[in-house]
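As written, the chain order gives the labels A, B, C and D, with residue 1 at the start of each chain.
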Amino acid sequence: MAEMEYKKETRSVEGSWPMEHWSWKFESIALISKTREAFKEKKLLGLKCPGCGLVYFPPKPYCRCMSEPDEWVEVKQQGTITTYTFTGAWAYEGIKEEEGPAGEPLIIVGVNFDGSDTLTVCTLGEAKPEEVFVGMRVQLKWPENIEGRLDDIAHVVPLRE
Amino acid sequence: MGPGIEVGQVPRAALPINPAFQWSVGNWMDHFYDGLKEGKLLASKCPGCARVYLPPRMICERCFTKCEEWVELPETGTVESYTVAHVKVGANGEFEELPQPEVIALVKQDGADTCVAARLQGGSASVGMKVKVVIDPEAESFVNMLAGYRPAE
Amino acid sequence: MRREVAIISYAQTPYEADANASREMQVLKVAREALQAAGLKQEDRYTVVTANNDYLDGRTISNMRLVEPAGAWMKNESKAEMDGAYAALYGLWRILSGDHDVALIIGESQASVYARWLPGIMMFDPTFDRQRWLLNEASAAALQARAYMNAFGISGEQVAGVAAKNLDNASLNPLAHNKLAGADAAKVLGSRMLYDPLTEMMMAPYCDGACAMVIAAGELAEKAERPVWIRGVGFAHDSYLTERTLKEMNSLRLAAEKAYAMAGISDPSSQVDLAEVHENFAHEELMAYEALGFCGKGEGGAFFDSGVTRRDGKLPVNVSGGATGANVVCATGLARIIEAAMQIRGDAEGRQVAGVKTAVATGQTGPCAQESVVFVLGGE
Amino acid sequence: MAHIDVAVTGVGYSKHVSKRRDVNIAELVWEAVSNCYEDAGLKPKDIDAVVTGNMPAFEGVNMPELWGAGHWGAYHKPLIRITTGGTTGGSVAHAAYYAVASGLYDTVLAIAFEKQSDGNSTMGLNTVALADAAAQFQQGVDPGFLASFGGGAVGIAVYQAASYMKRSGCTTHHLDKVSALCRNNAALNPWSHLKQPGLTPEDVAKTVLMQYPIRFGHVCPATDGACAMILTTHEKALKLQNKPAYILSCASCSDEAALMGISGSGTTNMDPCAQEHCKLAAKWAYELAGIKDPRREIDVAEPYAPFAHQMLMFYERLLLCEEGEAPAILDSGSMNLDGELPVCPSGGVISTNAIGASAMERITEVALQIMGKAGERQVKKEVHKGVAHGWGGAVNLNVVAVLSDTPRRS
């Protein structure tokens, strides 16, 4: 009987998780469709919870208080930054451009639109990375052609009050 | 949903993404495949209770001992159970009719204490029937070098 | 047990092949209903244990997106990635520790979302069996059925009879989806042959649904109306499919022994009034009779033939229709506990059995009941 | 009803490296289990129940214990599987604690592991969000755009880091210091993955910026590894150990998933660094443990910090100081091995991250410090009480355990 010779790397076998055959269900798609339609009239529609009064924007079919949000309310197009980051590569502190690949800076911010109780993720334009801060006031910037897509509301700019 | 909000048929979403994996088989299974390559059935044996594992295991489940002994098993074995498969599971997870039913058997190799699930050639099967292993060292994928079984007679 | 722990409320969705709701909304519905029935609100103090599976849900950390529907927002929550009966077991430990008094237990999955037989194939040894694509939950069950039937002379009619009984029982259960009043063995045997000896009607088809249960000790249990007490629990793991005997259900036997010892049951066939058994395939119920000590080893077929386990028998099994009536992976075993509790409480309406004081419920995970959990429940 | 005191009586690790290609999953886990039995002086026959868990999407095996548990001494034993994402190891240990505290099982083996080299770590993490991403694409979100929202390879942590820095006054220099501190500690830990003795904050500052404010040097590695521990009753532990460590209490707390709500809905978890639920879990755990002033009573902390800022952030969220004070405490040297309240003496998750095992390793490391068995990484001060933490989900799951050298007084 041949002794087993201990190998540092043995054979490998392959396989996959064929998630292409999974198909998930989302009531939220139906809710957000209504909100997306309203984009065409430049309106932001959120859904208010009858249990605790929280307003979800974009809408969500259930609330953390276990009620089902059921009242459409209009959300303001101004909001406050609650969190942020930058893609591309900049040094921090001075935020110099010397590091990493070049490219247009993309500032990604979490925005709490006035009249809602939720965070929505957007990009921030017309501002430099070093100007961003938590608590900064921003204003939604609609695209030139509003198509009723979820990313129609993906851009904000500093609110000049 | 609350009043005024009709979801209708709940919408669905899917993505054509299939995460891939590459599992290292470990030295015990690797040695097993080395054996098949030479046409041999190699099983690991517990030095404590003498239990023989085919496919081999590094650890004896009953003694928690490393199975560092190897034994070469004869080509004969016994059908412990079998099923005549009329279907197989297709890539999408649903049953697909087989053009020809096939026999999947649980075979206990003579000298082994565990079973191998493999195809049994020859169409008919019975519990307790003697079978011989079919080894194909040239199989396209090494996992199929243990190609199956055929009736001993 | 150190504390008396009772089931004080429960809720189930209807079980359907393709529910017109996401799992989140199904979980929300049952969690809310179970809490309400227990007199609890989201802001009250309770712990949550869910049972779900990342591969079934198609989401890593599948409990993460269930936080709000499961009533787990700002709660002490965990997840058993097994049958919901294990979530109930874990919830029970939490209460017995004394650190918690109330636990909300939830089980869910949706067969209409996942690729039906793939998660089961992904359970097998990736270095060998899974590569060969021969073993899945159904082919493994057929290997087990043949091994068991051959060892003890169990007939195809007896196995088919179990399926027929459960399909007929399910016809009285408004929540079940796989049902057939007046089903008989011939019809079951005549259905499409998949993995001989198992025909399509002997398999409990996977479906959509969720169920929830509140268990409690202390004040809430004492003031509850018609509490159902947890008298004994046990659970056990068995070896990998090809390394164990398939002629008997060791995991269930070991689990039952422990649960009976806790509950003071020495003669199950006379001391148990009703059982809800998690049978993914019809022959498993016969094997469960033996493992649960209702009859001797190898006597499952004869025991079934005696009619004892029919809904008008002395020890009815799966009056709800069992898993045959509705099989939601990660919820099926929990639903058995709920059904048994309903029978003890007298809540089972059209399928109510008279005089149920002590009931047994089982849950299983893995191919051919590789892992089993047993609950013994009792009324006042 | 008297509390059943739960003691740690043995711990074991496998080797922790980036790729273990000589063993399969079951065999890798065996190493940790075997070392654990040896450490406890026990055999499988002494174990009454087993709790296990990992993050299955990383290995591509559904319920790996069905195939693997035969390697772990679980033959015919009661076994339960707990998985909760990044917190899995902690959740597994918590379940084992409850199993003993329930009075039903005296001696319980807890096992947690991850063999990331069998899969693709980035894809493993992505499977958290693929369902939601599918819905978002359907509603008109550009995939590349969505990917940048998610923060790329470093996920939501970048938002958390930026927010934390804003709230606390933490600078990138503090992040560099955290990495240097942890990697130097890891060099003293035979089980750690990334050992970088002598690493300085200046070295860390030279690593590649991944996404503001996180550099390569601020991020954990992907590790193959396993961890096991044996918990038992006070009475049994005293027969096995001169100085067992007790798990005084366990608590978890769940918030709404952050950043991307379900399929693009808004989420009320608005600031990923707020971690209110971590504070709540800590509060519950301290209450149960009878700890009134964690700042004075806790001697060592193992927060779960795969990203540098998290060591400081969770130090605060574990109520070990006021919010915003952690950076200054780091500067004071208090968090060092010879400091007043050493943090991550093991080297932490930033040095070793076998994901499913990581939160359990926080507990085993605190236990070793209490038992005085931490070897070269043993902190200089006397350790009576410690806190071990786990974090995961979409920054929305936290688990906390409090350990001590004396049982709970109840």
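Here is the rule we go by: a residue touches a chain if its C-beta (ideal position, glycine included) is under 8 Å from a C-beta of that chain, and two chains touch if they have at least 3 such contacts.
Just so it is clear, the model here is predicted, and its values are computed rather than measured.
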Greatest centre-to-centre gap (Cα means) from subunit C is with chain A
Of the chain pairs A-C and A-B, which one is connected by the greater count of C-beta contacts?
A-B
Which whole number of Å gives the spacing of the CA centres of subunit A and subunit C?
40
So, in whole Å, the Cα centroid of subunit A is separated from that of subunit B by 45
Dist(centroid_CA(subunit B), centroid_CA(subunit D)) in Å evaluates to 36
Using Cα averages as centroids, what's the distance between subunit B and subunit C in whole Å?
28
Using the touch definition from the top, which residues of subunit C touch two or more other chains?
21-22, 24, 55, 58, 67-68, 73-74, 114-115, 118, 122, 125-127, 131, 239, 243
Check each residue of subunit D and list the ones that touch at least two other chains.
21-25, 57, 60-61, 70, 74-75, 124, 127, 130-131, 134-135, 138, 256, 262-263
Pull out every residue in subunit B that's touching 2 or more other chains.
10-11, 13-15, 17, 19-29, 57, 61, 92-93, 143
If each chain is a dot and touching chains are joined, what shape do you get: line, ring, star, complete or other?
complete
Would you mind writing out the residues of subunit C in touch with subunit A in their complex?
21-25, 28, 31-32, 35, 42-43, 55, 58, 67-69, 71, 73-74, 110, 112-115, 118, 122, 126-127, 130-131
Okay, in this complex, where on subunit A does subunit C touch?
13, 15, 17-19, 21-27, 61-66, 68
Subunit D partner, complex, touching residues on subunit B are 11, 13-15, 17, 19-29, 57-59, 61-62, 64
Contact residues on subunit D for subunit A in the complex?
21-23, 57, 60, 127, 130-131, 134-136, 138-142, 145, 148-149, 151-152, 158-163, 166-167, 171-172, 208-209, 211-213, 256, 258-273
Which part of subunit A faces subunit D closely enough to touch in the complex?
6-10, 12, 15-17, 19, 22, 24, 26, 28-29, 31-33, 36, 46, 54, 56-61, 64, 82-87, 89-93, 95, 99-100, 106, 108, 110, 112, 116-121, 129, 133-134, 147-152, 154
